[in-house]
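Two complexes are shown next, each including chain A; its partner changes from chain B in the first to chain C in the second.
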Partner chain A sequence: MALVNPSFLQEVKASKEFNATACMNCGVCSAVCPLEIDLLPRKLFRYVLLGLEDKVLENTPVIYQCLLCKMCEANCTADVNIAENIRFLRSYIGRKLYKL
Partner chain B sequence: MPLPTGPVIGIMLDNLRKRDSVFPISRRKAVKWAKDLAIPVGGETVLYTGSMYQLLPYMIAAVNRMGKLENTFLAKMVGMGRFFNRMINVSNIMFRPRGSDHKRFGSIIRDIARLLQQAGVKFGYLYKEELYAGALAYDLGADDTFIAHARRVHSLLKKHGVRSLITIDPHTTNMLRSVYPTVLPDFDLEVKSYIEVLAARENLRPRNKVEGPIVIHDSCVYARYEEVIEEPRRLLERAGYTVVEPRDNRKLTHCCGGPIESLFPSMAHQIGVKRVEQFKKVNGNRVATMCPICMATLQQATGGALEINDISSYLARAFCEPGGNGKPASAKDNRSGL
Partner chain C sequence: MSARRIGVYICYCGGNISDYVDCEKVRNAIAGEEGVVVAKTTMFACSDASQQEIIEDIQQQKLDGMVVASCSPTLHLFTFRGVANRAGLNPYLYVQVNLREQCSWAHTDVPAQATEKAVHLVRAGIAKARLTESLDKIRIDTVPRALVVGGGIAGLRAALALSDLGISVFVAEKSEKVGGWVAEMGRMYPHERRGSDLIAKLVEEIGARENIKVFTHAELTAKSGSVGDFSVQLSVADQTIPLNVGTIVVTTGFGSYEPAPGEFGYGTEGVLTLPEFKRLLDESKGPLVYRGKPVNSIVYVYCVGSRGSSKKEKPNTYCSRYCCNAAMHASSVAHDLSPSLHQFHLFRDIRTYGKYELLYEEARSKGAVFLKFDEQQPPEVEKVDGHFRVQLKDQLTFGDEIQIESDLVVLVTGMEARADKSLNDVLKLPLGLDNFFKEIHPKLRPVETVIDGVFIAGAAQAPRNSAESVASALAATAKSAALLKKGYVELEPLVAVVDTEACTWCSECVCTCPYAAIEKVTAGSKEVAQINSALCKGCGCCVPACPKGALGVKGYTDRQIRAMIDAMGASHE
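Up next, the complex of A and B:
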């Protein structure tokens, strides 16, 4: 079961950095990813937009595995700032989970 | 067990906060490359290395050590390492770089400076005062630490009256040109990569004959973040080489894997191997990189099968006198700055 965390959702909505509402879930990002990670970024961004903090935190290793190489962004048909979104999630996890 | 992400990041950020760099580096060794090049201290235009090439020997040592801990029970000890690292400089004890690596990366910066001198570009250097630009902290999302560090860099540049920067690697270029202005509203310095500066200098002509194919590896950051794409090709061609494109090139270049080397060494190596396979499928066994991280990762991935060098090494062979200080024979075209 996945739980919606309203405070997480609020932080996402208040953020200037995170924006994935234009994502059409087409999957090109996953297809071109050099890491061949199925999750990133389309499913991950769904979790974020739905406020499913548990699901996001479960995928912490994958979020830090992202190369920020922007291959996905260069091929994204919806012009989503994927690398910046990943950085936002790292910032959130760094504060929330690792107390950095 | 994999390396614990939180403590590994924590060690690097603690180092940046307390010791000005993600891996504490010897400032004496960091400036050794400039010996006998007669580069003035400071000035309106400075060559800003951002210590990236100087950091690589430490990163290589760290990755080798961390790679051995990865997937062993010892990985758990990293958390304890962070605790002690706050008090004493554990990184310096744990990660001892090889002297040959210092020499290798230092000679690249030396070649870059010699190329700029050869092209008649006037520039200074901040020597031991120069600071790392903070790219890793930014990429890891450690915004508070990054912004505090960026302020320190900006204060240093203001103190020296610097107006324009010539950078030598894509990460420092990206930080100073595209990221700093978004977090420091009054950061208005002109920032150009030495590759862009050299490409614009038509007076830079080859002094030695070079030829043959060079396979070009675009850095993700130069190609997709900073759009530095045609300049390195123009320089290689002007030098006399034939530029060969691997399957993934220009804006669609393939990452070397290096950005995750410190957290996931095995995975980074696999990505590097995939990229090397693309090089092997085209004509030419010499590869040019433009980023110290790409060079180190790909050299490790190729296992000696290909000659992978920084682009500046190939360019220096054509444009500079062997072993010379690179100063132009005539001072006719000594235009100042960029």
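Up next, the complex of A and C:
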């Protein structure tokens, strides 16, 4: 059972960079990702949107595997700033998990 | 020998009939039938040239009966009645036989039998034609007044539009004030105008009209007469008010689904129906507070009481159509009041059709989050320590189980037909399977009912938002006015008649009539049944019920039907 965490949601909503609300879950990004990571970014954004912080933190290694090559971003039909959003998550994880 | 002079025309339908039915053979077989003086085949009976030829035959041959054996009467009955009319022949002396749907199309694999069947059908048509009699349309002078039952946004708008057209209007509103649901509403989609303002404006305009009279606390208690000339009775407070009107527009609106106790937590403090939540929003001036506690998060559960979702015995199976839109709009209004609010929409499908897609877009851009559940696995709502814990499997997150905590749960409840038995005992309007009033045809006759002169509009007919309710109210207005402005209506004369000699007023027939067209009258020294020919549709339900054989329907008399059966069965080899 994944729990919705309101304070994580609060932080995501407050961010100017994170625009994954526009994501319509189409999966193009996952199909074009050269790393063939199944989670990124369609499922990841779903976790973020719902405020499922635990799920996001669980997937820290995957979030760091991303090359930021922007293949996904170039192909996204909803103009989601995917690479920027991944950076936002890395910074969040850095603060939350590694207390940077 | 029959003294009748009948013309028979057998149509090829450009091959539709003649490819399978040997039309020449049919013509030869029936040419010698009693009373037949003209028997012809034609490529297209409905073409201008053929119509002209038939008219000339009628006039030159002094025909007093006419049979066209062609397609379905649904397609061309009125075409050929028109031909008769133009030739000076009473249109009810015309009989149509359907060779296309009943012979050629139905029996493509056996053309010989199709031809044989065609011969039998045409003989039956001729037998009927021999017994036809001239009939005149029933003409009723109309009263230039209308009654609107139900003073919601639909009824009020209809009243104004009728008044614009110079028709006097009575509005009968059951409750203590007009306006219906909309009168109670604040911001509404799609124009963000306040519902209460809209109604206030309509009421002001109605007040300024001399030809509109509004009765509140009013109910329709009796109705008699027929299209163009109804006598109705209103019970207003303790008074009974008789009125005479030409048409009736029924706009009695809808009821809101009330969930069963425990349905998604219903009955627990903090579980609200959509109308209750809307009231909370309308009453809030600043950040949302419910019973003294600030509201930080809301879970919406969609389709409650619609689309088969209900804990009740007979769930409503239809989609209520307004609720996705209204819930999206409520979500945006809630966000505007409390921008930090977290809102989770648990839906089955989002049906923000047409331009209302913009409401969805707006709610989403204001941070609302959408989760999709399967109808077989509805969300579970539980109250734990003053908060709600809602659990579901979100299909958009690949079936993951998700738990949300919230302060309020809003049940996005559907619309229901008002269970108003007393009104329908008077109006006797048919209801659809969904219990809303039913129109004659959803596309082609969307505001007419089987009772001529009684129209339906607004949410009394189907779940509708206000724009759609008003549109249908204006359609009903146009239909009413078209009837009333002409000054008279003409009705089909193919109605039931009573043989008063034979009738003993046993009243067996009364309950068989779906249109309440049979009444008791005194004829000389005895009581007999009488048909109100303006109400009768000629359906024939009453005819077999009469133990005395006193009933018949014009144009379909027992004599005619017997003659047709005899002709069809007769052997001519």
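Annotations
Note that in this section the second predicted complex is superposed on the first by the 100 of 100 C-alpha atoms of A that agree within 3 Å, B and C clash if a C-alpha of one lies under 4 Å from a C-alpha of the other, contacts with A are read in each partner's own complex, and residues count from 1 in each chain.
Following the convention adopted for this analysis, a residue touches a chain if its C-beta (ideal position, glycine included) is under 8 Å from a C-beta of that chain, and two chains touch if they have at least 3 such contacts.
Just so you know, these numbers come straight off a predicted model, no measurement behind them.
Partners chain B and chain C, brought together by superposition on chain A, fit side by side with no clash. Of the two partner chains placed around the shared chain by superposition, chain B is the only one that A:Y64 touches, whereas chain C remains out of contact.
In the superposition on chain A, contact of A:Y98 is made with chain B only, not with chain C. In the superposed pair of complexes, A:C26 makes contact with neither chain B nor chain C.
Shared-chain residue A:E73: touches chain B; no touch with chain C. Annotation: apex chain A, arms to chain B and chain C, angle 140° (C-alpha centres, rounded to a multiple of 10). One of chain B and chain C touches more residues of chain A, and that partner is B.
Residue contacts after overlaying the shared chain place A:L35 against chain B, while chain C stays out of touching range. Note on the superposed arrangement: chain B and chain C approach each other to a least C-alpha distance of 24 Å. Note: no residue of chain A belongs to the chain B contact set and to the chain C contact set alike, using the contact criterion stated above. The touching residues of chain A, counted against chain C in their complex, run 1-4, 6, 9-10, 13, 21, 25, 43, 46-47, 49-52, 55. Chain C makes touch with chain A in their complex at residues 296-297, 340, 342, 344, 364-365, 367, 369, 371, 391, 394, 396-398, 400-405. Across the complex, chain A meets chain B through its residues 34-35, 60-61, 64-71, 73-75, 87-94, 97-98, 100.
In the complex of the two chains, the chain B residues touching chain A come out as 2, 5-6, 9-10, 13, 138-143, 145, 220, 224-225, 251-252, 254-255, 257, 259-260, 263-264, 267, 271, 274.
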